[in-house]
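Just dropping this structure here.
Think of it as A, B, C and D in the order they're written, each chain with its own count starting at 1.
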Amino acid sequence: MAKLIFTYGAMNAGKTTSLLQVAHNYEERGLKTAIFTYNDCDNNGSCFCRLGVSKKCTIFNKETDFMEVDLADASILLIDEAQFLTKQQVFDLGRITSLNDVPVMCFGLRTSWQGNVFEGSSALLGLADELREIRTICCCGKRATMAMKTQSTDNKSEEDIGHDKYVSLCRKCWLLSAKSGGVTL
Amino acid sequence: MAKLIFTYGAMNAGKTTSLLQVAHNYEERGLKTAIFTYNDCDNNGSCFCRLGVSKKCTIFNKETDFMEVDLADASILLIDEAQFLTKQQVFDLGRITSLNDVPVMCFGLRTSWQGNVFEGSSALLGLADELREIRTICCCGKRATMAMKTQSTDNKSEEDIGHDKYVSLCRKCWLLSAKSGGVTL
Amino acid sequence: MAKLIFTYGAMNAGKTTSLLQVAHNYEERGLKTAIFTYNDCDNNGSCFCRLGVSKKCTIFNKETDFMEVDLADASILLIDEAQFLTKQQVFDLGRITSLNDVPVMCFGLRTSWQGNVFEGSSALLGLADELREIRTICCCGKRATMAMKTQSTDNKSEEDIGHDKYVSLCRKCWLLSAKSGGVTL
Amino acid sequence: MAKLIFTYGAMNAGKTTSLLQVAHNYEERGLKTAIFTYNDCDNNGSCFCRLGVSKKCTIFNKETDFMEVDLADASILLIDEAQFLTKQQVFDLGRITSLNDVPVMCFGLRTSWQGNVFEGSSALLGLADELREIRTICCCGKRATMAMKTQSTDNKSEEDIGHDKYVSLCRKCWLLSAKSGGVTL
């Protein structure tokens, strides 16, 4: 029975590296993969990870109908930046998993820098058959689970995802910094 | 560093049994526990599990301010039916964990019988330091992750939680039953 | 595909409670279970947990041939005190899982009070499809993973398993106590 | 409290990729890492992963005394091919973790191609504070947990670790192939 898996982690934890490793493992066995990433300005159809590896992939946006995507011969669906999926898209990915028996692995953040759960992440956290964490560390040495904006917070958009604009923090550091930074929790 | 932990599982998986076991383990060490459950009609201030064990606990509702609860000497907070927490209550529990260094363990469902993530569960799944699953099985033998109402669906409330009114299903059985049962996914 | 699962935890973490909950969940669905526990002096054919629940089960010892046990209609094998399995018995349980497609769940300790991995636990940790931990706490409040004898260590046997003779400790407390207690690590 | 973590996975699952990602995450924060790998013929002091990334590291062998290694300013110890550690070395790594409060992350196989648990893996599986799995797939599409030699089995050594000489299989495929291949289980 195929599974819908959500691998979450803070900014810069290595989610895309993991996605690329899974793709590599499948392709090494002669199996095809279908890789998707979100249509954002920094990305022209490649998943690239900070270790320096990258790979061509298909762009999805809020209108993408995964039920209509031709997956005829893909053995697995891999979706990066999955926090930007809509709830309906997550339901559809659940259907593809259970009714078509194709595994779907999604990779993404859990919360925005304000601490709000993304729509896609909420649905994935609620419906996925398996939740896996990729960990990274806070500057204090503890495990980081939250994100803080390092630049002017003029851009309040939760979709403003340039990796260089954020730092991953543990909840304690995040609470203390948020307190002083004016984010209302 | 204390942790906020969310232990989720489908209806009748044994969440309350787990909560009672944790309480037992703490109390056996001479440590105090603070146990909360949701104010619903079936429950007059006890956590009871289907194995037949029960224990006195404090009732919480949507208005409970956990920041004001006197936890002076409790070594851990245990919260049953945690899906009914508000987002603000979950934020407060995160603060208690990180700033007061008291561990908080929440136990609850992820989704309603319509497949919607509960408010408290969404916040917990997004913010918890650790997510743990307690598993149970579908009538088909597969792992159950969803709930289906077994009685007339006149009562559309997502807070209608009598355990005898639901059956836990795997997503495939749930999708097939939901299709015929008129639930719009 | 059925799985071989090893659920481990320190003394008094609640392993038998978990086993009984799984049995309950299966039987509630009308499915049969086959429950085994080790032939030790404290136990006359019942799994009993510290929460006060118990259940009849079959005794196994080092000579039990699980390949010969009649499992015709059991939907799951549940094995308590699994640290006392032999390596060969674990291999046989792997065969039953993979070739007969019957799930096998084993519950047990990882290490003796001297810090040695039990034969059965080593094989299970090496071969199980899934490793799950049941946690408990040390007297210092940290997670306990080790066991210390609380009585005279005249009985050096690693099979001397009366629960009242041990206390579960975190590794730091165990290392400090072992240092003074004369256990050579 | 620092942790001893064992991340295990079948051959070619991506264990070294994960190690390199962790190192990257620490170094990005300005924290020093101490990386070790086993002294085998294919390796002259670099961890290299199949995605094409590599990194200088220190060689360990069965005689390395980790208690004597100068870790003064390393924020984490990362050990690749950890299955080749001795039991004593694992005990020492546990001491470093608990008494010096330095986290230690070990990456390795669980079992040899004959299905035997490696000495280092047995000790790590028994003593680690956390066990994590990195998954890969069998040619049948199921999760691979075992290794089969693809070349002549003249070299019976369990330390013969060239990645090109093995294929990762699920236990069912491994049992069926082992049956015909003359490995006595």
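Operating definition for what follows: a residue touches a chain if its C-beta (ideal position, glycine included) is under 8 Å from a C-beta of that chain, and two chains touch if they have at least 3 such contacts.
Since we're looking at a predicted model, the values are computed, not measured.
Centroids of subunit A and subunit D (each the mean of its C-alpha atoms) stand 27 Å apart. In this assembly, the C-alpha centroid of subunit A lies 37 Å from the C-alpha centroid of subunit C. If you average the Cα atoms of subunit A and of subunit B, the two centres end up 26 Å apart. Within subunit C, contacts with two or more other chains are made by no residue at all. Viewed as a contact network, the protein chains form a single closed ring in which every chain touches exactly two others. Per the contact rule defined earlier, chains pair up in contact as A-B, A-D, B-C, C-D.
On the subunit B side of its complex with subunit A, the touching residues are 1, 4, 91, 94-95, 97-99, 110-111, 115-117, 121-123, 125-127, 129, 131, 133, 142-143, 145, 170-172, 175, 185. By the touch rule above, subunit C contacts subunit B in their complex via residues 12-14, 17-18, 20-22, 24-26, 28-29, 31, 50-53, 75, 136-137, 139, 141.
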